[in-house]
Amino acid sequence: MTSLVNDLEAPPHIIRDLASQALAEDIGPGDATSQAVISPSVQAAGQFVAKQAGIMAGMAVARQCFQQLSPKVHFATLKQAGERFETAEVLAEVEGAARALLAAERTALNFLQRLCGVATLTRQFVDATAHAKAQIADTRKTTPGVRALDRAAVRAGGGKNHRRALYDGILIKDNHIRLAGSIAEAVASARSNVHYLFKIEVETTSLDQVREAVAAGADIIMLDNMSIEMMHEAVAIIGDQALIEASGGIDLSNVAEVAATGVDLISVGTLTHSAPSLDISLELRPVP
Amino acid sequence: MTSLVNDLEAPPHIIRDLASQALAEDIGPGDATSQAVISPSVQAAGQFVAKQAGIMAGMAVARQCFQQLSPKVHFATLKQAGERFETAEVLAEVEGAARALLAAERTALNFLQRLCGVATLTRQFVDATAHAKAQIADTRKTTPGVRALDRAAVRAGGGKNHRRALYDGILIKDNHIRLAGSIAEAVASARSNVHYLFKIEVETTSLDQVREAVAAGADIIMLDNMSIEMMHEAVAIIGDQALIEASGGIDLSNVAEVAATGVDLISVGTLTHSAPSLDISLELRPVP
Amino acid sequence: MTSLVNDLEAPPHIIRDLASQALAEDIGPGDATSQAVISPSVQAAGQFVAKQAGIMAGMAVARQCFQQLSPKVHFATLKQAGERFETAEVLAEVEGAARALLAAERTALNFLQRLCGVATLTRQFVDATAHAKAQIADTRKTTPGVRALDRAAVRAGGGKNHRRALYDGILIKDNHIRLAGSIAEAVASARSNVHYLFKIEVETTSLDQVREAVAAGADIIMLDNMSIEMMHEAVAIIGDQALIEASGGIDLSNVAEVAATGVDLISVGTLTHSAPSLDISLELRPVP
Amino acid sequence: MTSLVNDLEAPPHIIRDLASQALAEDIGPGDATSQAVISPSVQAAGQFVAKQAGIMAGMAVARQCFQQLSPKVHFATLKQAGERFETAEVLAEVEGAARALLAAERTALNFLQRLCGVATLTRQFVDATAHAKAQIADTRKTTPGVRALDRAAVRAGGGKNHRRALYDGILIKDNHIRLAGSIAEAVASARSNVHYLFKIEVETTSLDQVREAVAAGADIIMLDNMSIEMMHEAVAIIGDQALIEASGGIDLSNVAEVAATGVDLISVGTLTHSAPSLDISLELRPVP
Amino acid sequence: MTSLVNDLEAPPHIIRDLASQALAEDIGPGDATSQAVISPSVQAAGQFVAKQAGIMAGMAVARQCFQQLSPKVHFATLKQAGERFETAEVLAEVEGAARALLAAERTALNFLQRLCGVATLTRQFVDATAHAKAQIADTRKTTPGVRALDRAAVRAGGGKNHRRALYDGILIKDNHIRLAGSIAEAVASARSNVHYLFKIEVETTSLDQVREAVAAGADIIMLDNMSIEMMHEAVAIIGDQALIEASGGIDLSNVAEVAATGVDLISVGTLTHSAPSLDISLELRPVP
Amino acid sequence: MTSLVNDLEAPPHIIRDLASQALAEDIGPGDATSQAVISPSVQAAGQFVAKQAGIMAGMAVARQCFQQLSPKVHFATLKQAGERFETAEVLAEVEGAARALLAAERTALNFLQRLCGVATLTRQFVDATAHAKAQIADTRKTTPGVRALDRAAVRAGGGKNHRRALYDGILIKDNHIRLAGSIAEAVASARSNVHYLFKIEVETTSLDQVREAVAAGADIIMLDNMSIEMMHEAVAIIGDQALIEASGGIDLSNVAEVAATGVDLISVGTLTHSAPSLDISLELRPVP
């Protein structure tokens, strides 16, 4: 039984809408240069070439950019989401009306370079924790507007997705606890108010809070910005009474240590808020 | 006569639309946790605190996130766009219905952390070229959907904006040249086809292309991915026959050298495609 | 600690959008009769009067209909969501430009009569099970487009909401089981693929399936269309190993018996798909 | 010359928009259960089976729900709008990607069950008045958002549609009369202000008002909530000077008597505001 | 009892939407010139001055253009819709942020000059037929997108509006007749298929067709492109059996003659498809 | 090297959106007449016939109107954009479902008649200046909403397009000059604030202003509403220091004289704000 939800591309309707919005942002009422310089009848072809090694993500939205401008564009995907590629490898080939290719080029590359960057960084975290049970997960720290794409890129990199948004999960954070009065009150309130299908996660920053969360019956306990030592203690306190998530201040230099504490899940904001763009080029040539 | 266009925030209607779209992405039909844990009548207040030093950008869209959820939220901006702040400085204060503050928190921070990241990196490039005439400029390498915010953050960092998009400027790039046949043909075609108010920029990668662009009467010549040495030669060839833009492969380690070649403009994709997020927190407390 | 999530009106932005769409449907480019018969300067006032006893719901969207047509309309709510009213009671008063009142009248009444109908029927189910622990809940069997309003009306009637939609909960139904192969396979697949914050509910139609669901570790087990007798057996089998939901074929004549079996939750499609409209009138008079 | 306008389905663009909006409401960013439990490659097939006898309506929008999610879904309509079906009859067959079928299932059934309910109730009224000249018509008492579908279901049941909305007909109601001063003034004003292609209907509640409406030259006179006896007198007063519509308080128990008074049209709000949902199921099985 | 429907401005929500769409068309992501040349703090004031005499229309949408860009703009309307103005008269005054005034200027003038053009031409037709009973009416020959504004301008000029669109009236034209078989068949079909509140108009081009239309019971008969002589005969044939509309080929040189034939209504496409723009200027000055 | 940007139709996505919006305006929820009179199965065919000679424009949007209503409509374009046609020539042929043809007819004709009017008038100006170097250009004086179509019609007539809108060019007009203080200040401010790819145009109304604009280094100088004599002097003053545009008060009676002054560009508002509609008919016949 293989992983099902981890389809490695975002849902088609979201890809379609984001490509359309991004093309509107960059093309608006028209591509002034190409319309002035390239005849409508010119055909062109070209290759997407990796300038760095990495993990593929975002090919579906890149392809969509071209196809929205001209349904006749031929786009051949050579690397699928989740596949590794080396410097100078050809990732995809495109052929069609030159004006359409030129108008979509930058938008497609903006998506592709960002998303390959996210997938590549995610894979580094996954590889760094390969021998532990802990899974690497994303957070809601995404660039507004493209979360569904960022999440798919994390999956392509081998990571897990956390909740999508505020509407599909209960995560009681520090601010909720302060405003609700205590962990106990917050958890009780959550339990009596939400529908029956939600579990309850509580964010903790001290061992006392960890104990409170256990006592309150939290299903998942997040250890936020704790030292490695404190995490060890927390894991011991919790045992199998709840799932354990580590979060905050985790980077490639310390993620293996975090995983070694025995947590179940490590969520990493850096995956989506600070992954550097991966360099990819598209060079076009005329075709008869 | 001060700089006018460089208003340091994006246009109000774009801020409004992007905040609205981002809130929809994260909140959707409702914030499950806060609705289950926090009574609608609870009021809260809190401070945005910098966890790193940097340059402010994005405050207007962060504020907009809160005000769209509740017009009664009080939001006090303590650092204006373009101002420098230190670690632990308070950047803004917010007070209002706890549910509204909690629902907007992550979206506002996602904007703010990204845009302060862009402004802070831009300022580093600007500072590194302070003694040269060259100006630091952005590119179209932005995350799809938020370009107007990215551009304002570049201005807040002290950079210049390049053209907005494909519709408001003529930039003949390598792909155009190959498809049009030659620089001479591309420039002539552009000149006879676009309206009278556009200048014409040509991207070059060799000194031969630089000479061709000068001969074709290009108004601006971009030196793409040239070595420092080649840039010196290109600058000598062009003289005052065109404005000169350097682009490609420029980072903080070499930007001063690039500026010293005498180019007028240095455009840097990294400003917007790979600026790391700047760490900022929002801690809320109940208010009576 | 009172119930928090059960705010008895739908979220304000949904109310605003649905009122706007409904007014567009009924008014379109203009109210031909009122524009031809009533001068723009005529002011009017009137009362919403109940023609039947019932439970209030939908007042917020009714009010919104008037206020979207004229911000100057005065609308006084005399019965809040969830309150009981008798025949001939005045539910609300409205005063303002006659043309605006006439144009909004039918749309406001269409909402109000439907939603009071839902709340009133829900209250009958709730009253019928008052002495059992079981809670009455809604389903996804709503009229397309107005689910958020239907759900709020169920809360106003004293019911609980089930999951909102397909995106915020895992409910493995008969079709999923047949397509996945077995309850065991479906539950295992769900557990490994969804994020950590979702519980897993399984629909069962036989005692064998109930046992399978318990063995698979389902968090909630739905007894679908079972006889009262079979429900008793199922409740005994499950014990406290999972929450228990009864569903299918439940009406006012048998709901008390269902509740007496010891189930935790009774979901009733009739609440939203077949609640009869409750009769309410609005009579206007000119005011000087 | 057969009836032309009474196409028995709503216009295609409205069906498309309502299906799309309804799917968004129920699926949002994704069907969590099916994505976690069913592999994207699984194919399924199934049958819509009637659990009660009735009249078909809404098949076009149900079909649209499936086709919007996957253009490759095969959907075979076995009962056309307006046709009668018995308990256990197969109404339609569907085959395609299991995830698409599961995601569209509830939305399609919500439409179908409501609209068959409306058509079935309408047919009962039509049958009850089969020997009189009176026609059964709908009203504007529809669930906001789905009026075009409700109207088509009324036609499928054999009823007539009244005006669509406020913009395409003149109906002077009690509130208009009170605000305009008198029936005479209201009719005169209407006649001089609207375009030449509208007739004028007046609602009356007493025989004096009926006489006034006749004197004012109303083209159609509505007898609102009158007793059978009063209707007889009204019909006698009006003769062939105007068309006559009965409305208000009419149900299956008295509609034949109303028809026997000789009115031309009987409008019935119950058709659309209180028709009970008709029970239909969809059972899926895997196909190789 | 004055004319009520002839409110001389379009409905507010249409004005708002059209202003917003028109501003987006002209300003897009920003007014490059004003942002580069005028400081955000500069305030300005100015007057709309007529360069030709005419009839006012469109002031509400012009005002809306300014107010959408800045709610603080002060806009004083000096000439109301329907009022006559002379060359050099001041029509309105505006004061506020210079950038907002400059950005809205052209869009506001484009609306105002077109709509005053329509109103002024309409008034000329109305004046030319002042001594006859015939009323001047518009047609559906409007520029796509702005029909509601064109219709209001016709009312401001003293004209009547014909049906709004295809959805609110029955007009059987030459193409319908050819396709339906005959006038008799078309009218009978219309009568049995549409709702009870529509009258039926038939377009005729010969006296035989006029006789057929009378025989079929048409409520209104249009005389399309007939000679003055033929119109006299048609009027005689029809008598008071139907209302009579003249249409086609009517201009200021012959409209009085047409009116003199005794028709009730003269519809003139030129009013909206070929009215020349009326010249109006806006001159701004700085204010302290 | 032929003219490339002057594609003679507007961009496809704009054509699609405007056709869709225009059809919604005219058809709304349905074409009452055709639905009542013409059976859904009737097929028809017809020809667009010119009633006046002229220049073709707008065929793509007219065709789009039909195809949006029914993809099966066959539409054969017989005259391409920019081609001349004579009275009685057939411009296009259409065949398909009669209801679709009837519903699209008026909207298609409204577009076609307006746009052929614009193209035909433009061609008259172009012909009148055929022996001079001056090019005829459009302005921003278009009917709000349809600018892209108007601009394409100007190209079809042989004219040049000026800037699209406020966002893609710098044109310092009288109001800017007054508010900025002087031409010198305005130009300097523009130069330091906009991106490098924009030229700068200055509007002048006196010879002193012309000299100021030359001194300020304006790239283009507009001579606004100058006498022929003054234009001659301005052209002499400017020489080859800037491009020269004449504008204001130019009509077919004086455009040749204006061109003879030696200006480079003549912009004419009349082309789009006052071009009379060109008469075209569509006659349908049944086909078996």
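Residue numbering begins at 1 within each chain, and the chains themselves are lettered A, B, C, D, E and F in the order written.
Definition applied: a contact is a pair of C-beta atoms (placed from the backbone, for glycine too) under 8 Å apart; a residue touches a chain by one contact, two chains touch by 3 or more.
Owing to the predicted nature of the structure, the values given are computational and were not obtained by experimental measurement.
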**Asked** Looking at A-B and A-C, which pair shares more C-beta contacts?
**Response** A-B
**Option reproducing the contacts of D-E, where over half of them reappear, out of B-E, A-F or B-F** = B-F
**Prompt:** Distance-wise, how many Å sit between the C-alpha centres of chain C and chain D, to the nearest whole number?
**Reply:** 22
**Fill in**
So, in whole Å, the Cα centroid of chain B is separated from that of chain C by 46
**Fill in**
When centres are defined as mean Cα positions, the distance from chain B to chain D in whole Å is 54
**Asked** chain D: which residues touch two or more other chains?
**Response** 4-5, 28-30, 32, 35-38, 164-165, 167-171, 189, 193-194, 198
**Item:** Residues on chain D engaged by chain C in the complex (per definition of touch)
**Value:** 18, 21-22, 25-38, 42, 44, 46, 98, 101-103, 105-107, 109-111, 113-114, 117, 140-147, 165-176, 178-180, 186, 189-190, 193-194, 198, 269-270, 273-274, 276-277, 282-286
**Request:** Within their complex, state which residues of chain D touch chain A.
**Result:** 29-30, 32, 35-40
**Message:** For the complex, give me every residue of chain B touching chain F.
**Reply:** 1, 3-6, 160-164, 167-171, 185, 188-189, 192-201, 219-220, 243, 245, 264-265
**Message:** If we count contacts the way the header does, which residues on chain B are in touch with chain E in the complex?
**Reply:** 2, 4-5, 7, 11, 14, 148, 164-165, 168
